[in-house]
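Scrolling down, you'll hit the structures one after another.
First chain A sits with chain B, and in the next complex the same chain sits with chain C.
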Partner chain A sequence: MTTIAMGEMEQLRKEADNLKDQITAARKAMQDTTLQEAAASINVVGRVQLKTRKTLRGHLAKIYAMHWSTDSKLCVSASQDGKLIVWDSITTNKVNAIPLKSSWVMTCAYAPSGNLVACGGLDNMCSIYNLKGKDGNVKVMRELAAHTGYLSCCRFLSDSEIITSSGDCTCVLWDIETGTQKTIFAGHQGDCMSLAVSPDFKFFISGACDFTAKLWDIREGTCRQTFGGHESDINAIGFFPNGNAVITGSDDASCKLYDLRADQELITYQDSSIMCGVTSLAPSLSGRLLLAGYDDFNVNIWDTLKAERVGVLAGHDNRVSCIGVSSDGMACCTGSWDSFLKIWN
Partner chain B sequence: MDNGMSSKTHNANSILLARRTVLQLRTEASRERMKVSKASADLMNYCTEHAMADPLLVGFPTSDNPFKDKKPCTIL
Partner chain C sequence: MTINTLLVKEGCPQEQMACFRKMEKVIVAMQDPDMGMKMRNQRLLITVIPHAMTGHDIITWLIQKYCISEEEALHLGNLLVKYGYIYPLKEPRSLVLRRDESPYRFQTPYFWTSTQWPATELDYAIYLAKKNIRKQGELMEYEKERYSLLHKRINHTWDFVVMQAREQLRASKQRRKADRIVLECQEQAYWLINRPAPGMPNILDAGLERPNNLRVTLNSDFYKREIEACQRALGRNRVKSSNCLEGFLKHSEQYQNHDPIMQGCLPSNPWISDDAAHWTMNADVVPVPTRLRVERWSFSFMELLSDTMGRKEFMTYLEKEFSAENLCFWQACEEIRHGENSRISEKVNEIYKNFLAPGAARWVNIDSKTMYKTLEGIKRPHRFVMDDAQMHIYFLMKKDSYPRYLKSDLYKNMLAKAIVPQETKKSVFPFMRRQRHSSPSPAQAATQATEEDGRVKEAGQAGANA
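Presenting the complex of A and B:
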């Protein structure tokens, strides 16, 4: 590097360090209490005991992802047996069994309208399927290709827009109609593993292998906030139901809650007896419970305000890879490497 | 470092990245923040307000469970 360039690098490095210190100090200045202290006067919720009500059998290999339809009845799952299955969770019937071009699928999503599903994985693409085609056959509607790394997660904003996260360290907002990238969200310094859209559809959050979570403004295309603190990859991420907080799950065996307006971590959900990574998470309807899936085949249920474990869902014979609470809050669905999905309430 | 980039390009990229990082940090540093006491109170209030409508938290009668097992039929 030239001396001039080295000088500028050094200057920029110093300014970056100063700004990081400023952010740390500004966050500290907001700490007039902790969530733990503020919640001291409320009681831990009683033991939560959920039972398996349905087992969805049909996949022939590990299940990597599942997503509820907004009707709280249908759900879609993706397995490395190369199939996307749309289930009626109440009757356990398979409504659609969609064969995939690539069996290395890592994520799936149901559009809010119920008309489309999407999936993707090691093919680096997000494939969109129309469930409501004229002749009744489910066909690929679009293949969204541009990522240079695996597709880790995808979520529809509507039938015309979808957001994807990728092992190429970026997230992308796509126009499904034209199959083009509308916005590229760059900034993470590690594979993006998971994303979640805010309840008002204005923002989304991403969790990555750089141990941080980022909040993005969908229309502005900018990163508004970055949250650190985890000591390993963030595998799972979700919004607290009021949209003002974010929950992350990591390979460091903990989940964390970050408040968006205080711009900092408020509480950590961890226990010395839990030593394996968090794979997936979903809050209950009120946000008071956090259901988190772990590598040790269990789901732990946490009281989000007291950070105490209040229940366990034990029933899978392998890693719980995905979890979702239906929109009406009536049931939780878990998907596992044991090839089964279970419905609990 | 053998990826076809000249060392000039590599250095130019490093500086661009560093500049972008600083710009991003400036944006993040300048945002408004709320006190933890208010943020915590809002979370707690939301939980309380919605508790009774949270089926997994408060439970519900078996008769209202769409996932309940159907009673076995008896053939008369």
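Presenting the complex of A and C:
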């Protein structure tokens, strides 16, 4: 780069930094209360003790991801043993055991209709499987290939569209029918690790290794808001049930709640005795509880409005890699590197 | 044993560094002369080695320092042992914190995992060689295997390995016995972490190795885009944090009774009682819905529309008011938004014919600006072409019909009729519950088949004997 070009870039960088400082100030100006004051009228939730009701055994290696079906009974899990298993979590029966082409799978998803499941990983592809094929066999329906990095997360919008996040720092909206990219969401400066779709299906959020979370407009293809504050990679992300806030979990051992209307971080969930990173998170149906899985093999349950820990799920013998609360809020499922899934409530 | 245990390690994974730094802070605090732990002496026959502590001491200190329960202190203490910051003196291979008088010692910072000292094959070979030379039969089975494997792999440097081992042993003999014992323990603890025994968890395992990516190039274009995004962000409206937080409080309060993890559920938790009554009562379409469900329709318009029954009820209400075409229109638009790409044109045409064309059978009342924009848009139909019109009708229903529906007799009657399920009494005789057998894993199906038969027969026997 020439000196002139360097100078120009330096100036632009300074201008960008200046604007960022102004944004920080504007956000601070809207902070007219603390969480303690705002939640002074309510008491901390009593100690939450959930028990393991079912253990889903069958995977032979680390489990990397799980996702509930919208019927709140079936769920799908992906493991390094190269299998995608659809479980009936009540009977613990395996409804489907789908062998994968690539065993380096990092994510899986269940379509809201219950007809499709998807998975992907170090093969840089998102593979869609049809569970309701005519002859009863589960086959690959589409292989969505275009990412230049690993697939970290995927979520269906419908049987026709799916959003993926990748280690190539982008998220993509795909048309499943044609197998093509409809929109590319670029802007993150680090691997995108996780994504979540808003309850009204108009937006989605992504968390990345650039320590930020971004809110994207699905229709416009633009980044609406960016949230920072974490000191390390964001591994997990989810919406607060009313869609007005984003909750993130990071390697810095904390979870943060960012309000979309206030455009800033309002609550941090951390404790000096918690040292290990957050791998996954899921809010309870009312949003009052936040269940977060950590590298230290435990799940910590937080009172979201008091920012205090109110429970621990200790039952796995290795890292908790994924967690999900069913859509009717009945049960929480955890998946671990110890190859087991557990259902708690 | 896999070959992986012999591969050169490139230091500990980056993702765990933040965690290590935090643990190190705890370790340093534990050794603080004023606020740290009380140290004891370790007695080994005639040798006395200072700077030891008991498991009980560690847990007590953690409880006091972090104001946590004993269970949590044990969990945290176990982490410190697992990651090699504290090692046990009595049973060195068992990296577990015991809450009794078992002695432990701090690992020297030289051997901390975070120093990212590459524990190479050569280093490991020298360590095993020292052990082998020092005392016959000191090597465990797995260590012997690894030793001979290393001997084959790096045979060309074996003379160096043996020479180094002998040198280090000779140097250590010149130390005081107590120091020598401590150094041996430290080194052993280090290798237990970096070359775990088969079957022991590998704490340095960070999962799938994610290829290091080309980061986004920082150039003028990048910063120009940043500036644009920042300018947009600066101009946005922001709501006061007090209003936002209040919103969350209200939402959680409203949904508290509907949150089964917090409040349980009626008639019973199917996960405990194995009774699917809860789901049967709350199925998509039921003759009489539950009270909680009908209450939820009043929480927000979206709640009503998201529930199949709620939507049906609302449709009935709108038909009475002769404004059902609004909901039909909204539903048709939803089908475009979430449906197949290939059918979009066809569906858009249908909507135009039924709802938008002049003189249409179910014409919807949209303002002229939105109508014009929509009619222009449908010349080139796409998934979101109906968005504006759909939004307009949505807000029309939300502001007008929805509140009136909630005050209507139709809704009030539904609420009054709604079921409040009785709590199912817990079964007094637990062994009357149906036994559930999970189907065998496909990979183990062959071997398990015979096992399962045996177990099923046993269970059958037990049931019969009950």
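Quick note on the criterion: the second predicted complex is superposed on the first by the 335 of 345 C-alpha atoms of A that agree within 3 Å, B and C clash if a C-alpha of one lies under 4 Å from a C-alpha of the other, contacts with A are read in each partner's own complex, and residues count from 1 in each chain.
FYI, a residue touches a chain if its C-beta (ideal position, glycine included) is under 8 Å from a C-beta of that chain, and two chains touch if they have at least 3 such contacts.
Everything quoted here is computed from the prediction, not taken from an experiment.
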Aligned on chain A, chain B and chain C: do they clash or fit? clash
Considering only touches as defined above, state whether A:Arg261 meets chain B (first), chain C (second), both or neither. both
Just to be sure I read the superposition right, which of the two partners does A:Asp251 touch: chain B = first, chain C = second, or both, or neither? second
Check the residue A:Arg142 against both partner chains and state whether it touches chain B (first), chain C (second), both, or neither. neither
Considering only the touch criterion stated at the top, classify A:His316 as touching first (chain B), second (chain C), both, or neither. neither
Under the stated touch criterion, name the partner, chain B or chain C, that contacts more residues in chain A. C
Which partner does A:His230 contact after superposing on A: first (chain B), second (chain C), both, neither? neither
May I ask you to decide whether A:Lys306 touches chain B, chain C, both, or neither, giving the answer as first, second, both or neither? neither
Just checking: does A:Thr178 make contact with chain B only, chain C only, both, or neither of them? Give me first, second, both or neither. second
Does chain B (first) or chain C (second) touch A:Arg155, or do both, or does neither? neither
Using the superposition on chain A described above, determine whether A:Ser284 touches chain B (first), chain C (second), both, or neither. both
Doubly contacted residues of chain A, that is, touched by chain B and again by chain C: 5, 8-9, 12-13, 15-16, 19-20, 22-23, 26-27, 30-33, 35, 38-39, 42, 45, 48, 50, 53-54, 73, 90, 187, 223, 225-226, 240-242, 244-245, 259, 261-264, 266, 284-289, 304-305, 325, 328-332, 343, 345
What residues of chain A sit close enough to touch chain C in their complex? 5, 8-9, 12-13, 15-16, 19-20, 22-23, 26-27, 30-33, 35, 38-39, 41-42, 45, 48, 50, 53-54, 56-60, 62, 64, 72-73, 80-81, 83, 90-94, 97, 104, 106, 121-122, 149-150, 157-161, 167-169, 175, 177-178, 187-191, 199-201, 219, 223, 225-226, 231-233, 240-242, 244-245, 251-253, 259, 261-264, 266, 271-273, 275-277, 284-289, 295-296, 298, 304-305, 312, 314, 317-319, 321, 325, 328-332, 337, 343, 345
Residues of chain B that touch chain A when the two form their complex: 7, 11, 14-15, 18-19, 21-22, 24-29, 31, 33-44, 46-47, 49-51, 53-57, 60, 65-69
In the complex, chain C touches chain A at residues 15-16, 18-19, 22-23, 26, 62, 66, 68, 71-72, 75-76, 79, 201, 207-208, 210-211, 213, 215-216, 218-220, 223-227, 229-231, 233-234, 236, 238-249, 251-256, 258-262, 265, 269-272, 274, 276, 278-279, 282, 302, 337-342, 384, 387, 436, 438-439, 441-443
Residues of chain A that touch chain B when the two form their complex: 1-2, 5, 8-9, 12-13, 15-16, 19-20, 22-23, 26-27, 29-35, 38-39, 42, 45, 48, 50, 53-54, 73, 89-90, 187, 222-226, 240-242, 244-245, 259, 261-264, 266, 284-289, 291, 304-305, 325, 328-332, 343, 345
